[in-house]
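Two complexes, one shared chain (chain A), two partners (chain B, chain C).
After this line comes the complex of A and B, so read on.
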């Protein structure tokens, strides 16, 4: 055996035996978040403010709550190798359904929430079925559904509608210290989604379908059902975001989701969190890190009183740099 | 589970194929083929490319439904509507391309779709324990169930693929060219694995071109030729010559065109060229010459092509084109300097499958030339005629063409810019015998017109039949040069590092 081959062999197989400390994308995301918090604190400090005071923490977490809810759902579909562009309009629709069903009455809170989530689930089901049964590309399918929702909203609403009882508005504003209750609920759901992806069979199958749909099918995974499940869960998460926003605003608003650009923003958070856009790898932990990075950036910009155009430029650059870094790591890993 | 039963040497065949026939678009690919596989037997299936081996495998795997004949599994006639049915009947195919999820662990891959569940969640301990049990049963203790598949070597991925099949209760394993992607030392490990599988009562169909493996491992050999069953005999009753004669069944001379009479001036010369993968290469290719490049997988054959063409350029030494020292820094410069490269992966790198014959043929010219030269397409008909593409017309998408015609389009693409040097990597892979002959003639005509051709091929008969000289690679360096008509043993001896240059 020549020395060269022996060396090649050893290099390629060494990690199989020694489970060394690996730098995972999740770790990178949270390191980046930590660096951002330090740099942000310094910058805001120089500007004469404090980033992580009571108001700052509140600001970051409040911003992160809605985006977090949407991005958790988006993570599920992206891991499965799909995509959902309809979430932004769905958020608006669900805020309206919730607010109009409640109509200011405390007794109708539960029916209102359930009605909104049911509508969301149906939209998710349609997304999933269009993709699996009609075999439409996920990008086009969910864009089509988004357009249908927009048409419905534009035809029927000109502005806010419905009314949310005061009791339910607490969900939007109650907090423990600087931590909003809603943010805790969002993190709880993130933990549940993490468990779902990492511990249940359906979660395993989502990774498999996203990794290689043919391999999954030939291994006996019901791929269609897996994709539909991911879309329904994603839509329900968007529905929850809509209900929460209705609670904060006191009424439903048709464009509350699109104005904030939650469709592309949620995809950005997922990708920033290290989940492969092609599917099959990544997870919720990284996504929450991505969400926190984006909301921290926004808070820093607010504290620095930068104009919003500059804000978008920086966000764009951050996203591109992150994806380029992941791509680099991946190619480096392949040639090693 | 596969582990619990299995009686080695059972008399009844596990699977019997009888009189299998299959045609595509009216062209018969299989004609009345019989094959029976017994538990605890390694059965070799041999034949030239295009003899119908892969179609037969696909029939066995439930990918294709035979037009005639029957499939009998354990005395019961079965028809497979899909690969799932074949799996359920205990038949698994180990393809050259693995069906593993790179970013999941070994255990997650092995039990994909059948994960053990306990109290609503996947029982990860049982998942890993079951995988370890199967690995132990096979005597493979070097693989950890918790390792990500992407971190394993090719040989170990192959083991995982086999374990995955076994976990689905496979009784029959069909292995398609299992050593194609393995290094020499890994081949030995595979031998051991195949023998252990056999001893544990698995029926193995071993498809390979390599006579040595066939004779080392199998107990019976079935030979196919041009889609028909030729013979099936115990390995002990045959020798290599007999098998080859059964496979070829016609004089080889007819297949290959006459060699070059007198090569012209040196077109490309490498002087001490090397990079990360290859080192110290010095050789020349002359106008009118076809120089064969032999070597095992991973010996650096394709790396030379990629380096000359600037994908992973040489970092040491020099390259001269028509006597002028040249630095090729990327594919674009390569094309401009008159170097063409027909890649190994025709569908992935050679063609835009969903584009027309016309667009593919003009692809390089449009990319490399400017202005009028790029736009003029008047000689498209002449080009296509020259390479002899059979298509419904220039507007047909190339994905609907046969492998041979696709390869002709790739060659046409390069002819459109009239390169001085043409590198062809596995030019006849997946091409039937008739089209092969046409490609051989075409390559020889190009050489006669003054092109210098460097040909890489894993098929030794082809390489020997076509080349005016053969360069043999071994572990990234030239192991030697052989004249036209060298025999396979000499080439293999050099390629495996056991020989000296003639």
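After this line comes the complex of A and C, so read on.
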């Protein structure tokens, strides 16, 4: 909740804002999540089930773990005013690298994880350098890298490959009560990312670059370095998601990231969490709220046994409505 | 010399690329020695070119339209079910599809301009909604069939007096292109370009920014419907027909040197970008490059194209090829 206070403090610093109680996007997101949980519980209850039983909580958190990991990274990039469309293929690639390096051997767990994260970091570095050195638009740069990764995956793999030792599969399935260990690790990383954005110099620089890259440069911020850092961190988070999925599936799968559409889905979660797509505004706390809303929606639809395609429709509408609400509030604040 | 032709901003490079690709095709593929080979290429490329022209309007005014791919899929699936193999249904279904296109464009544009949601998010939401809705309605697999008269536009040819057999899709393509060029040379088109460059200036000068943006989205969705009709005739009914089309169209537009973020680029260049992309795929195919690597090549090319555009001014000066500033 200190994230909320932080947000309030930042808001109240802006001129021409009333000093009374400010409804921040983060607060709105968690209120929406609470409302969704209540409405969902009622709907599922009418349908003859229970939303927030042991299985339900487990379901929400498990779904949220992978999306959460990707979305945390995506938050860093979007706050910096950039975008990463390559995460979905990167997840598949990293799951393969991890599983193939481990090859079923317990002693190779650490090298496997490190290899996957190293590959991810290199891809992130390429993303960042294409954007900063070649001056390509982030949308095109990461789309291009995504297409290159896709070509590599399609050329070399037809299905799952490699195998993950049983010991490592624990990371995918162990839990404390109804809470998966991996979800706790994800939340821990979210806290770390929050601290990084709000308490470190590079974190502040990310907001500055996302707010106005020219002003940041003239203020002495090394904008290129900041953008590259954000992209490397984002890619490493996607790499972690890939490693986790390899642990859950028992092997690497080339399309594990794209089948779930983690590229656009993670951007949706970030935007749903109140982060401005143009950069410079928002944060990790909202993103986690956005992730939980999306995974709760999924779980409710599963419990109601609704058509999975209906889910897409609702998701699209929720996304547009949420962003419309944020946009409305922001312009109201500006014109005041 | 080239300058006399008053080529639009950045049209030169993509035309050179296209020319190189076309010449390369004649060396690699025996079919490309005759005009028929190129007509076949044009026919194959027609849907993408039409999509790229539509995408151009949105990109040049400073937005994105990610919904065109799913719109194409949705319309093809809907058309198959409504036509149901009966020729009597062809024309009202075509009218309905175009109407639906306009409607989707209106929704995209209105949400972007009135609710101030970034077009990336709006059209992403629209993508999800269309994908979900069409499969909800069709139950997961496309049903029904297209009538022969529906497929004529995508597959058939017309007898043109002097040239002979010309595919209908090529005629549609030319009509769309000429109309687009004409539109961009008129006041409205120029204003659209100005909106992408600096919407505040246009607003202060008394231009109706919202209406122009709305128009761009409607045109994009309308042309996506045209592309859907062509593609349905050419490729038949499938649930994957429009997959990835939105990124392909954006790639084509960018390849044509159109600046993402708006304000720069010509519609001819966008169309040439789409044609280059299709020619490149044909070339790779003839060279025996596996379909899997196609996307990797596409990826490298768009990065190179955008990097060239970003550093273009310096490079052009180095190549001593002055480009007139027509913007």
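Everything below uses one rule, namely that the second predicted complex is superposed on the first by the 317 of 336 C-alpha atoms of A that agree within 3 Å, B and C clash if a C-alpha of one lies under 4 Å from a C-alpha of the other, contacts with A are read in each partner's own complex, and residues count from 1 in each chain.
One rule holds for everything that comes next: contacts are C-beta pairs under 8 Å (C-beta built on N, C-alpha and C of every residue); 3 or more make two chains touch, one makes a residue touch a chain.
Predicted model only: the values in this text are computed from it and were never measured.
Of the two partner chains, chain B is the only one that A:201 touches; chain C does not reach it. In the superposition on chain A, A:281 makes contact with chain B only, while chain C stays out of contact range. Using the contact criterion defined above for the overlaid structures, shared-chain residue A:49 touches neither chain B nor chain C, since it reaches no partner. When both complexes are overlaid on chain A, the residue A:178 reaches neither chain B nor chain C. In the superposed model, C is the one of chain B and chain C that contacts more residues of chain A. Touch criterion not met for A:104: it reaches neither chain B nor chain C. Contact with chain C, but none with chain B, is seen for A:152 once the two complexes are overlaid on the shared chain.
Of the two partner chains placed by the overlay, only chain C lies in contact with A:312; chain B stays clear of it.
In the overlay built on the shared chain, the residue A:215 is in contact with chain B alone; chain C does not reach it. Counting contacts by the rule stated earlier, no residue of chain A appears in both its interface with chain B and its interface with chain C. Those residues of chain A lying in contact with chain B across their complex are 1-2, 4-5, 9, 12-13, 15-17, 19, 195, 199-201, 203-205, 207-208, 211-212, 214-216, 218-221, 280-281, 333.
The touching residues of chain A, when paired with chain C in their complex, are 130, 134-137, 139-141, 143-152, 154-155, 264, 267-268, 271, 277-278, 307, 309-317, 319-320, 323-324, 327-328, 331.
Of all residues in chain B, those touching chain A in their complex are 83-84, 87, 99-104, 108, 112-115, 117, 120-122, 124, 142-144, 146-147, 150-153, 156, 164, 168, 183, 185, 475-476, 497. Contact residues on chain C toward chain A in their complex (touch as defined above): 64, 111, 115-118, 120-122, 124-129, 131-133, 135-136, 140, 247, 250-251, 254, 260-261, 290-303, 306-307, 310-311.
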